[in-house]
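The data blocks that follow each hold one structure.
The following pair of complexes shares a single chain, chain A, combined with chain B in the former and chain C in the latter.
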Partner chain A sequence: MSSRIRKYPGTEMDLKEIEAGKFLFSSYETVLRYSFTSGVAISRFLEGLKEGQLWARECDKCGRILIPPRMYCEEDFRSTDRWVRVRDTGKVNTYSISYVNNDASRRRTPVVVSVIEIDGASKGMGILHLLGEVDPRKVTVGMKVEAVWKPKKERRGAITDIVYFRPRR
Partner chain B sequence: MRRVAVIGAGMTKFRRRMLETGRELSFEASRMALDSAGMEIKDVESVVMGTAPDAFDGIHMKGDYLMDGAGGTDKPYSRVYVGGGTGVFAPVAGWWHVASGLFDSCLVVGEEKMSPLRPHPQYAFWSIFDHTLERPLGVTLLWIFSLEMRRYMHVHGVTEEDIALVSVKNKGNAMDHPCAQLPARITVDDVMKSEPICLPVKRLDVSPTSDGAAAVMLVSEEVARKYTDDPVWVDGVGWNVDTQYWTNRDLYYPRYVEKAARMAYKMAKIDNPRKQIDFAEVYDPFDYKELHHLEGVLLADKGEAPKLTREGVTQRDGDLPVNPSGGLLGVGNPIAAAGTMKVCELFWQLRGEAGKRQVKKEVNRGLAQAWGDLLQVGTVITMRR
Partner chain C sequence: MVERVEIIGVGFEGFRPSITDLSTRELMYEAASKAYHDAGVDPRKDIGSFISCTEDLWEGWSIADEMVPDQLGGAGRPVCTVPADGIVGLGHAIMHIRSGVADVVAVEAHSKVADVLDKTAVENLALDPVFHRATGANSDVLAGLEMSSFMEETGTKRGELSQVVRSAKRKAMRNGRASYGATLELEEIDSSEPLALPLRRLDRPEFAEAAVVIVLASGSWAKRHRKDGVFIDGLSWRSATPWFEAGGVKTARYMQDSYRSVMKQSGLRDLSQFDVLEVDDSYSFKLVQHLMSMGVSKVGVMGMLKEGTALNPSGGSLGTGHLIEATGSHKVLECVLQVRGTAGGNQAKGVGRAFASSWRGNPTGAGAAIALSVGN
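After this line comes the complex of A and B, so read on.
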């Protein structure tokens, strides 16, 4: 703000004033339903999850084994070459202890979330997932973890077929 | 390319909930920018609007909706968008409107009205994530910031207390900003003891959600000379967007911000940013982001920003004042408006109009930077007297 300006535009609405009915509102709720196709690469990836397996794509040009898998390499901008099965273990690249839900409401018990670098994929190739069976205060960057799968008959080809990752036994 | 001058700037107060609609906020900021330039809307040849996700205002294609309030009616008007980086990207777009010779003037407006969304604006961010692999996990934007903060701390051995110093500084700087939403004198201890949100992120590490608007008036050299003896020049612009596969990148360093900065530095013929840039308004939606971005724009070596902060270098009276406005942590974070506010602050500081916020040393060149999307976009502008 310039020191030449003496009047600052904008009218704050205090919560108490709002609750006292000082301002007029109109409310509206939008319900938008979507059904997303999983795409060529992720459909195959999800089929693997049903079988308790993680699959990646390999690019022959840069040599990277990519997870999440994609049918094209964004760096070389060419089609990737083949499916490669990677392991369902990895290490914690980074983690957070979350006390909030996605609408910013608070959780009574926190959830531990993590980027997990997957063994068998190229260095630094991680996926987002949860950590479980671990005291949040004892998680460390570099910790070795393994996937905990839902029982086979409960898997439906979704990222949640992995319940969470836990410290490797 | 032609030289481009900034000859006016304006902004509204930033607040959690404002009576004004997004259009009305846009009008107030635009009108102030025009008045400070001494121009009328008929003198403006083109208008660029910067505003972030439609889901906040709750108006789909809100660029069109906001247009009348931004002075865009019956003119070459467009909305540009690169997520949270939009607030600095809009002035960059305004720059190319004028530098190209296509227009002699461009009014640039940044707007955001986050308060309509219930129960909380944070909810809108859910739908920016991958619908198949990430949303089912309950992801929030707060997760990815805290994951990035942890990675940055881990690689450089940075402590939460070091990071908290940024929040203390910026909220303190905002005490001198008449439009600020969260000015405060707080201590590192206050930050450390504040509510855990997504550890290591705590309540006082985070900027608020806000309503607000900001605007700048860009013109060609010829037009600038008609209106003022004291123009400020845009001498460098840059932007870069990294892969959206954010879990495949090492989050400790924003290489896309470096690329954006290098693009701007090349244009501005800056080969030693630490010596040639006098102060900076880098993007600080979270306190660690100021450190992250100071390193990204090469004003600090990798891992060095916490040390500069500890030593007071980044204070308003320091050798490299950073976020003298009070930043997003102090002034508020109406997303696109917050980035444009930083460009306004460069203008006011370089003209010596910043009043109580005026940095102590003489300033000839400043840098503003914004950031956004899934930890992937950097936008940079450098301005000089």
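After this line comes the complex of A and C, so read on.
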């Protein structure tokens, strides 16, 4: 309803009526399960995370160093040429102070989500991650950051092997 | 006079039960690279439109369009997905060419179905929620129901369907792209594990993974660039109503109508005018039903199974594996290789015309057909 419209035409339904079974619905629940093949590029990237390393792919034609790595250059449509180890530092390309979880539920304390341009990769190449050990109000675009890794024995070959990025010390 | 459309390149990768080394994107890139090399085109300059045939639930990725462009050479270019079988994707490409959207179009289709851990859960989402899901009738049960009725109506015997399976598995033994070749005795097929009787385990294909990319061009573009293409003489698809219970299984109307439309477009009379047929065999009885829907008698079908390689030389879905949305693309690929004389172990002699058809699987009544030729 709005300030102009107090009642829409038709029959209104309220939650109590629905729960009481006054209207008939057919409901269905399912569980979909997938196990995505990581492939050549992402497998190597994930292996690197276990070692506390970030790996990118370089294209000789355009000279770009791509992270996340891919086995093909989308601009030149050719296979990329070699693995390049890049640093685990970078700068904030963009950030958002988020009060919602990924199931859209509310958070009391915000998380700072950021795209971090990785040092050693081409301009604009980065990964999405969290920022930590920082007052959200003090985050700026261009801020220099570094990865905070989980202890080696806890790393699983997942992007969460990096706990977050924090302002560079 | 509408412009003729040609297939100027094909490329493929995979054709294994499970591809564990390549991601979906890498698989697509490998197939696309080969297709563009085959066609002699640079996707960044020459291709005006990119189409990927993909279904979000099989991908595990909603709005799968977003994961398509880079590996096809379509970054920043006109890209779309068609949630349908590969032959329908080729139909969309023809529309893009004839309407002037593009002179050259790439059509990709793939199966990365081993990534889907519970395939039945995805198949069940295709079923009507009120009638079918509630009764626990999955797609194999629907196939069992249709098979039972089809056998009754047409007098088809278990042994005849076992011959369909044996023929497909045997041809697959000579096809490097087939994952499920076998030399089987009829008795082994007759008594394979019951799924939903009369449907048995060997009546349905196992799944396989592959990517196929097909490059199409307008006749005038192909002539200007001196490409020797394979002509698409006709292409059509039809969808029936979604009511599985609508009855009448002797004829698959989607196949009959697609076929008739293709024959009209091609100016041809009947299937005997093709040197190679790749007809949908998503279940053993479906091959018989589809051929009968296209005017072949039951006796004629049984005869075709005995005659060399002209019917489903690839080994069909039963021998190659079910490739979900790439099923039709695989059949077209086989036809293109056959008319070029490069199909491998099951190459038929002197192939000038080839025909392929596909069905989208239960519970749909959606099918497609295509006629191809060279040198006329």
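Here is the rule we use: the second predicted complex is superposed on the first by the 146 of 169 C-alpha atoms of A that agree within 3 Å, B and C clash if a C-alpha of one lies under 4 Å from a C-alpha of the other, contacts with A are read in each partner's own complex, and residues count from 1 in each chain.
Methods note: a contact is a pair of C-beta atoms (placed from the backbone, for glycine too) under 8 Å apart; a residue touches a chain by one contact, two chains touch by 3 or more.
No experiment lies behind these values; they were computed from the predicted model shown.
Student: Can A:Arg57 be said to touch chain B (first), chain C (second), both, or neither?
Tutor: Neither partner.
Student: After superposition on the shared chain, which partner residues are touched by A:Ser96: those of chain B (first), chain C (second), both, or neither?
Tutor: First partner only.
Student: Tell me the contact category for A:Ile42 with respect to chain B and chain C: first, second, both or neither.
Tutor: both
Student: Mind working out whether A:Phe77 is in touch with chain B, chain C, both or neither, as first, second, both or neither?
Tutor: A:Phe77 sits against chain C, while chain B stays out of touch.
Student: Please determine whether it is chain B or chain C that touches the greater number of chain A residues.
Tutor: B
Student: Return first, second, both or neither, reflecting whether A:Leu130 touches chain B, chain C, both chains, or no partner chain.
Tutor: first
Student: Kindly classify A:Tyr28 by the partners it touches after superposition: chain B alone (first), chain C alone (second), both, or neither?
Tutor: both
Student: Residues of chain A that sit at the chain B interface in one complex and at the chain C interface in the other, please.
Tutor: 28, 30, 34, 36, 38-39, 42, 70, 74-75
Student: Inside the complex, what are the residues of chain A that reach chain C?
Tutor: 26, 28, 30-42, 70-72, 74-77, 79
Student: With touch defined as at the start, can you tell me which chain A residues reach chain B in the complex?
Tutor: 1-5, 8-13, 15, 18, 23, 28, 30, 34, 36, 38-39, 42, 46, 66, 68, 70, 74-75, 93-105, 110-111, 113-115, 124-130, 136, 141, 158-160
Student: Per the contact definition, I'd like the list of chain C residues that touch chain A in the complex.
Tutor: 19-26, 29, 33, 36, 42-44, 57, 60, 69-71, 73, 75, 112, 114-118, 121-122, 124-125, 129-130, 133-134
Student: Which residues, counting only chain B, touch chain A once they are in their complex?
Tutor: Touch residues, chain B against chain A: 9, 11-20, 25, 28-29, 32, 36, 58, 119-120, 122-123, 125-126, 130-134, 136-140, 142-143, 146-148, 150-151, 154, 177-179, 195-201, 211-212, 243, 245, 247-251, 344, 348, 351, 353-356.
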